[in-house]
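When the chains are written out, they are named A, B, C and D in that same order, and each has its own residue count from 1.
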Amino acid sequence: MDTIIFLIFAIIAVVCAINVVVQTHPISSAISLVGVMGSLAILYLLLGAEFLAAAQVIVYAGAVMVLFVFVIMLLNAGAEAKKGRSFMAQLLGVPLLIGLLGLLAWFVQRLYPVGTTVHFGGFRGGTAQDVGRALFTSYLLPFEVTSILILIAIVGAIVLARKELD
Amino acid sequence: MDSFIVISLIKVVLVFAVLMTTLAYLQWVERKVIAHIQVRPGPYRVGPHGLLQPLADVIKLITKEDLMPPYVNRPLYLAAPFLAITMALLSISVIPFGPTIEVAGYQTWMQLTDLNIGVLFVLAASSMGVYGIALAGWSSNNKYALLGGLRSSAQMISYELPLSLAIAAPLLISNTLSLRELVERQSGSILSWNVLHGPFPQIFSFIIFLIAGFAETNRVPFDLPEAENELVAGFHTEYSSMKFASFFMAEYANMITVSCMATLLFLGGWDAPWPAAYGSSLVPAVIFAFAGVVALYHGMHPARRRDRLTLPAFGIIFLIIAGIFLLPMVQSWLVPLFWFCAKTGTILFAFMWIRGTLPRFRYDQLMGFTWKFLFPVAMVNLLVTGLLVALVS
Amino acid sequence: MQLWLIPLLPLAGFVINGVLGRRFPKALINTVAIGSVALSFAWVLKTLLGLGDLQNVYTEHYFTWIQSGALNIGCDFAVDRLTAVMLLVVTGIGSLIHVYSMGYMAHEGGYYRFFAYLNLFMFFMLVLVLAANYLLLFVGWEGVGLCSYLLIGFYFDKQFATNAGNKAFIVNRIGDFGFSLAVFYIFKNFGSLDFHTVFQQAPGASEAALTTIGLLLMVGACGKSAQIPLYVWLPDAMAGPTPVSALIHAATMVTAGVYMCARSWPIYTHAPEALNVIAVIGIATAFMAASIGLVQNDIKKVFAYSTVSQLGYMFVGVGCGAFSAGIYHLVTHAFFKALLFLGSGSVIHALSGEQDLRHMGGLRGKIPWTCWTMFCASLAIAGFPFTSGFLSKDAILLAAHGHAPWMFWLGTLTAGMTAFYVFRAFFMAFFGQYRGHEHPHESPATMTGPLVVLAILSLAGGYLFRVPEFLSTIFPASEAPEDLTLMVIASSAGLVGILIAWVMYVAKPGIADSLAAALKLPYTFLYNKLYVDEIYDATVVKPLVGGSRVLLWKVMDAGIIDGMVNGVGSRARNLGSVLRLLQSGNIRSYATWVLFGSVLVIVALGIAGGLR
Amino acid sequence: MAEVPISWFLTLSAVLFALGVAGFLFRRNIITVFMSIELMLNAVNLSFITFSYQLKQVNGHLLAFFVMVVAAAEAAVGLAIILTVFKNRSTLNIDEVDSMKN
């Protein structure tokens, strides 16, 4: 059962991720990305991270990606132009990418033999209560720093996006 | 295991059927309510008191031609209404309507499923609802629709903040994210409901929740995305037939979700306002009996000719219902269900009432209202609540 | 016991007055400034009463200030009997002078600034006195130097005042350089800067090291306490307001050098050579300053040279191993010299700024309070028998006789000269005919009040505060035995000095001028302060400035240092213009490089992890 | 087959990350490039949560949470920058935004 769920949503995630990359129109990419995030949320649930799953949908899919869609609609961005100049990226990109993926996969296979497995309910430490407790005890300082970061981001976004005051 | 699946399937079918009927009849109720506010009878032709009007509407919508404009972005154009209705119906699955019920030896919750992150689930589903409207607006390739979509996404992102903050405050008091436990923590009497209970009564957050809920469901006075005198019909300008109906149903489903959430979070869910020991379980019977008597009386002295038959019929039906409420074998689950529906219905009535009374906001007023007033107030409310909860505990 | 409150109170006064004083009315400034110092004085009294007889050092540790390797310096305050004496002198006389300043400064601009600086000075002085290690002492030491600079240059719109401030600051730097070298050397030798630790280890250290430390500390003390050859700043420092001269340049700051030497007695007792040098420098300074003081006509200059001379006495006391006698003289000197300065301030105030003795005279009847209080102080400084000055000076001269008899004789001669010039100034100001054009008036009670208190202390302070007995538990008992003959000789020298002054300036006023005419050469020599400033200017200042211009500026700075910096810059530009080719401005090619880098990192991690 | 090997999750994470990198390298639209970054962040989050499962600790969730928060802030600022770029240059092609060159 777990395997089936994993396979279904992993395949959805990969297909959507490929779609993000190959779609020429940004809004299609955005919707595909929402698909990736949604299926990842299901996988988080499988891994016992129920709070993170909800946060993933609310924050990522519900807020960040809506912002993306909003901006795409606002700029009325069309399909991207076919011309490109980055010789470097085209030349080195593919071999490097393959190298990266190969290395990562190789490390994963080396470091995690098939013995360790995941099953639903195997870890129950991801409830909102657990996350909140850790957040307000051992991670209090990063949490507070994050709030300042967000404040800076708000100010920065307003400064960047405001109308000129002249 | 098997019985679990069977029961779940039965519950799904049941809830879905009831929900669909409710959606259809909510439309009828709304038309009636607004008609009476505007001193006119409303639907009256199809069936007694227009009771069959929803059925006629459904038939009309299904049989209409499904137009597909040639310049739309096809996949997204098709996906948008589907997305909207799915996300709207998804939240219903975690909403509990009543306590445990025992059917044929099986005990089960009056709820499709109980998640211990139920509140977050509803929030997530509602935040995904934006896509339906935004994509509909964008994919229609129509400037009115695009403007409607833009307005709706901006509005929904903006109002989600006070909404979430208003939800967070009662959660601080109840200390759970499961909707069922939320209700159980509020049991007792009206004084233990979150709206009145706790170190800090959540009356402000209840009002903020309702206001933000109006905006989230794009209802008057926040129906800018479909402001007909500016944008023709907003995001669903290009939609017709069942696709249009999907948006329509999504809107009403969202209304129901918001009302249910308000009931669960603030009004104690299916709990009676005062304990059964003081006769609260008799209230539904009394109400229905009273309605039946009134209907019978009016049937004796009909204002219109056709009421001579229908009103006594309604009166008898109401009296029968009142009798059912007195049966001890069903009282244990029917009375809570009644309270839940009564509370939700009251809020739904408020939705309609406000639609009949208030004018529409201007767009800058709409955004200024949430960012400059609602959000700070919700913030302060949350801070005060948190402080008092911390002090008390 | 909350020792930190003692310095922090004046600091609070400084902060309040310094930040807000501009908008305060004078009454509020007075309340804050004087209140903070008076509270500090009260707290000193409470603390000392609470601490009992102070047989042991009482230390408070607040926090670790510097922690670096073996260097561990705490912010510690300590109180022993020596500190107790200093605390009382600093806060007590400080309070009196604050009260006095209220009247003296009433008509001056920058009122709040003056009191803010004065409070800041009190803070640093108290830190200096309370410090339990050399570095914290150095903080106070530098801080009082700063305040001295600020207050000397208080009238910063006058060129001579700013010049005098600069001079004080720069000359003090030389001394501070010696002091900091001493601190380094102490740390190198003892591995600590805490007084307690250092003094415990001092007996075991080599004499050469101790002598070096002692001499370096002495250089610092010479700078701060205006001893040869670094005394030149003190007479010029009289450019500041008179209360400043009284507080900083007579009673407290300039005695910091004496205090520091006395504090370091465990080092000095094992370094007799250094002690001897201190004594010689002290007696030379005393004699030279007294001789210059004989002929000065500016009333404050006279007392300035007198201060240098008396500081020389204290150095003699310390140098002869009679530390308690030195501190004793420090205390009594604080009384009578503060009184002399405040009195002269009162005279100057009465004459609306006139400082030249030749334009005074006959003020006895016009400003009687000032006159008679100053008479008390003059008696004390002249060593008139049984005044406080007599007691302390006598103790020093006795010790000097025990150390080297010639020092005693020179000291006695100096005492006579001291008596002469002080009474010369006194007679010129208060006797004879008034030679000026102003309309003298007595000062307000806020000024005369402190004068009276100080007059009583000048006469009787030596009995009220038996400093040598009080300090006998701290310092080694090396006092010379009482010797009646020497006492009589020393005090008679003072009486002779008074008599000569009376004859020359009251009985037969013509003698002074004819004597000056007869001894033209020595008179001019002394009148021009032995041309020390000119000599310094020619031998030190000019070559230094010239050398800096040519060698340091043109060759070192412009040629080598700028050349290096510019060279680095131009090399970097050349390199950059090559590396620039990588910066295509294309984000995706940057991304490719990032990817390239991360692949390299992963490979490196794999290799580092042994390719498990 | 009721249990999923943990390496599958990590491999999925690696694949998603590589796809994000590919999007970053080969796409020209700034918005798409930005979305590719979000994809990479998501892939890393999956790794964090997988590690959290493996170690039975909540710490990985916290890290993923912080990544999300930072991503939200980043999206706000980044989209504001994109808006400004579009306003000033009326292009979204990343290759045409190269005024740093020369």
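Rule of thumb we're sticking to: contacts are C-beta pairs under 8 Å (C-beta built on N, C-alpha and C of every residue); 3 or more make two chains touch, one makes a residue touch a chain.
Model, not experiment: these values are computed from the prediction.
Visitor: When I count C-beta pairs in contact, which pair ends up with more: A-C or A-B?
Guide: Higher contact count goes to A-B.
Visitor: For chain C and chain D, let me know how many angstrom lie between their CA-based centres, rounded off.
Guide: 67
Visitor: For chain A and chain B, let me know how many angstrom lie between their CA-based centres, rounded off.
Guide: 32
Visitor: Per the centroid of Cα atoms for each chain, what is the distance between chain B and chain D, given in Å?
Guide: 37
Visitor: What parts of chain D, by residue number, touch at least two of the other chains?
Guide: Expected reply: 21, 25-26, 95.
Visitor: For chain C, jot down the residues that touch at least 2 other chains.
Guide: Residues 584, 586, 588, 591-592, 595 of chain C each touch two or more of the other chains.
Visitor: Taking all chains into account, which pairs touch?
Guide: The complete list of chain pairs in contact reads A-B, A-C, A-D, C-D.
Visitor: Within the complex, which stretch of chain D touches chain C?
Guide: These residues of chain D touch chain C: 21, 24-26, 33, 94-95, 97-102.
Visitor: Considering only the defined contacts, which chain B positions touch chain A in the complex?
Guide: Going through chain B, the ones touching chain A are 73, 76, 79, 115-117, 120-121, 123-124, 127-128, 130-131, 134-135, 137-138, 146, 149-150, 153-154, 156-157, 160, 177.
Visitor: Which chain A residues qualify as touching chain B in the complex?
Guide: For this pair, the touching residues of chain A are 27-28, 31, 34, 50-51, 53-55, 57-58, 61-63, 66-67, 69-70, 72-74, 76, 127-128.
Visitor: Which stretch or stretches of chain A touch chain D in the complex?
Guide: So the residues of chain A touching chain D come out as 1-3, 6, 10, 13-14, 17-18, 20-21, 26, 29-30, 33, 36-37, 40, 43-44, 46-49, 51-52, 55-56, 59-60, 63-65, 67-68, 71-72, 74-75, 77, 80-81, 83-86, 89-90, 93, 97, 100-101, 104-105, 108-109, 112-114, 116-119, 122-123, 125-126, 130-131, 134-135, 139, 142, 146, 149-150, 152-154, 156-158, 160-161.
Visitor: Mind listing the chain A positions that touch chain C in their complex?
Guide: 85-89, 92-93, 96-97, 99-100, 103-104, 107, 110-111
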